[in-house]
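Each of the next two complexes has subunit A plus one more chain, namely subunit B in the first and subunit C in the second.
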Partner chain A sequence: MNIKETIKETYLEVLEQTGSELLVPELTDDVVLLESGLDSLGFAILVATLEEKLEFDPFTMMDEPLYPTTFGEFVSIYEKMNPNNQI
Partner chain B sequence: MDLIIVTGASKGLGLAICKRLLESNYKVVGIARSKTDEFQALENENKENLVYVQYDFNNTKDIHELVKSITKEYGNIYGLINNAALGHDGVLGTMHESQISELIRVNVEAPILLTKYASRSMLMKLRGRIINIGSIIASTGFNGLSVYGATKASLNGFTKSLARELGKAKITVNTIAPGYMQTAMTAGLQGEKLESIKRRSPLGHLATVEDVAGTVVYLLSNDAKNITGTTITVDAGSTA
Partner chain C sequence: MNSLKKVLSNIPLDRNALMTDTISLTYGDIQKVIEKNSEIIKQIKSSNVVINGRSRFEFAKLLFLLDGEVKSILFLPQDIDASLHDRYYEEAQINFEVYLENDIIKYNFINKIENTNSSNETIWIIPTSGTTNIPKLVAHTFNSLTRTAKSDTDIGKTFRWGLVFDIYRFSGIQVFLQAMLSGSALIISEANASMSEILNNLTLHHCNALSATPSFWRKVLMSKELNELDFTIITLGGEIADENILQALKVKFSHAKILHIYASTEAGVGFSVNDAHAGFPKHYLDNGINGVSLKLSSTSTLMIKNEKQAQKYLSGNSLYEDDGFIDTGDIVEIKGERVYFLGRDSGAINVGGNKVQPEEIEHVLLNSGYVHAAFVYPKKNPMMGNIVCADVVLYDETTDAKIAKTGILQYCREKLENFKVPGIIKFVAELETTQSGKLKRS
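And now, the complex of A and B:
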């Protein structure tokens, strides 16, 4: 499973865990995160769960704070910061 | 068996908290700068359920790794007791800047960072307890403790907002504000000053570390599930 699929799967798990509902028909790259169904606490749970699954947290690794707006930006941060990427 | 992290675990209040938690069937990770003989003795009696982790909270940059290593080894964290603190006293006008920074780093920045990472375990499980050890000095003030008092008052503010933030995830956040206790931190408080504090207390004596440890166990329990964002004062009535 690639990172994007893992993020999508985990997103849906957290949605269910927090009793929230997906507010868009599908999680596409242009979906605005805070309009997608998870609130800010939900995203904290998502980042924590992803850290457990992927064994890294890109937001902690960054030197400067960066807050993604869309689902596509969120995924690309994980892809770019993945320490297992071969450079 | 729920896992609890206690900082400043090797002596005084932290050690008393570890003892009570073990008696109450929690698994405890005790973090401290150095291990005391008393902690070692407690560890010998509780080999299965008490673990020592060496860490100095003057170093804030490795706190994330510290929490990751604890959860990797021992599993998810149910409770965090932010007890470690420095108690430098002195008149502000002559206190060295490095000591002011150190107090703020160890007493405020470190517990906030530790809470940030430890709360992730709780967020994933949608259950947890965060207990910040404050002080009555945060609200009463004390000559020579302005910076210490500022750090403890800051924990009260942290508690209140974080309780609002984490409530939806069924995580409670509270402060315990002990009064004067006879520990290494208050060892400088002797003689007439100490006697006067005892005399003025409605109960005629000081609160003990055991009293505070008992309050910690209560806040961790199911009975305290609806207590969040508050301060429980344990001071034998000194601030009544």
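And now, the complex of A and C:
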């Protein structure tokens, strides 16, 4: 499974875990994170759960910290910071 | 002695003062409200009054009317448990509950108690945020609260402060006073406003100065309204400001002055740090900073002493140690020339500004029917500061992990507020204990 699929799958798990509902028809790249169904606490749990699965937290690794607005930006931060990436 | 009313005399009356999404009042408008109430205020003069859960906008106007007139004002935010009201009324010897109707003061009789308070300065009684304890009442005055506030009204005219903290709390009242003292505009969002509504309100009124928790700022940086916003002054308070959020703000708002503030209801106005890095310079500990002395307790908590001790517990219990210092309960660590905050000595976990006591969560986990032993601890998180994690030992190790997790979380959600529900649950075979058999807390 690639990172994007892992993130989508984990997103849905956290949605269920927190008793939240998806507020958009589909998790596309332009979906605004905080309007997607998970609140900021939900995203905190998502980042922590992803850290368990992927064994890295990109937000603590960035030289210039950045907070994502859309789902696409969120995924690209994980893709970009993935230590397993072959350069 | 200064008061809010006296402040008004220094500010051009045509300046905007209080702005909501639908109403804007100038300082002159506030002056008129005061004049309209000049007779009726005499009826409650020198009494102890409570403002109980009124809107933030109404609260702000009431403060102008009451400060310097009544003996004390008890702030009761909407989220204070109603069952505590009588107890607080008694402790603060409240005579009247006050509110506004068409900008005229109305009051309900509460109790006729002889006033023992002989001061002629109005006492502002602010509840602490409380953890699992019942919030305590702390008495402040206009002067103690404005000790470090800037009062240059020429500079102030350029600022439009956003109020996103609760004005009934220490953090919110600081923002209110800073804005009013320097003749700035204050853009008020109400407690029930959504993030989008708050940000749209700030944009509408061209907010350029905002004080908020690190968690709020993270949400700002994740919002779709982000590019509509611009700030000259950014302050962070209420939680530990980590390097990530400070640097992210610096990147996004490169020309803004970024301050993180150390203050609390009990410790009062503390100090601020303006280099956009986490923690504070060690020389603050050695030399003090702006009338505040700092030192470490034997358990590495930060002790703070204001030159002028002003605030005190209303109950009469002492806030202070014998040497005048207050133990803040915040554990710090010195690394080189910098002092960093590690967390609370009570073990409380700060989740986006909300305090969580691990023992409470452990208790709920143990009652869930699945869990034989539980250990709850914080995990640092870039989105919320910390989240709640739990290591649990199941009664029956053969229970399907997914079923157990779903069952435990469902039970937690029924019993606990959202921010208290563990975000991560790990199933372990046993918990680490210390030699005395206690759970090992790092």
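Following the convention adopted for this analysis, the second predicted complex is superposed on the first by the 87 of 87 C-alpha atoms of A that agree within 3 Å, B and C clash if a C-alpha of one lies under 4 Å from a C-alpha of the other, contacts with A are read in each partner's own complex, and residues count from 1 in each chain.
One rule holds for everything that comes next: a contact is a pair of C-beta atoms (placed from the backbone, for glycine too) under 8 Å apart; a residue touches a chain by one contact, two chains touch by 3 or more.
Because the structure is predicted, anything quoted here is derived from the model rather than measured.
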| item | value |
| --- | --- |
| Partners on subunit A (subunit B, subunit C) - clash or fit | clash |
| Partner chain in contact with A:Ala44 - subunit B first, subunit C second, else both or neither | both |
| Contacts of A:Asn2 with subunit B and subunit C, given as first, second, both or neither | neither |
| Subunit B versus subunit C as contact partner of A:Gln17, first or second or both or neither | both |
| Which superposed partner A:Asn85 touches (first subunit B, second subunit C, both, neither) | neither |
| Which of subunit B and subunit C A:Tyr67 touches, first, second, both or neither | second |
| Partner chain in contact with A:Glu35 - subunit B first, subunit C second, else both or neither | second |
| Greater residue coverage of subunit A in the superposed arrangement, subunit B or subunit C | C |
| Subunit B versus subunit C as contact partner of A:Glu52, first or second or both or neither | both |
| Subunit A positions touched by subunit B in one structure and by subunit C in the second | 17-18, 41, 44-45, 47-49, 52, 57, 60 |
| Touch list for subunit B against partner subunit A, complex | 64, 120-121, 123-124, 126, 165-166, 168-169 |
| List of subunit C residues in touch with subunit A within their complex | 195, 215, 218-219, 221-224, 226, 243-245, 247-248, 251, 351-352, 379, 381-384, 387, 389, 405, 409, 413, 418-419, 421, 423-424 |
| Contact footprint of subunit C on subunit A as seen in their complex | 17-19, 32-35, 40-41, 43-45, 47-49, 52, 57, 59-60, 64-69 |
| Interface residues, subunit A side, partner subunit B - complex | 17-18, 41, 44-45, 47-49, 51-52, 57, 60 |
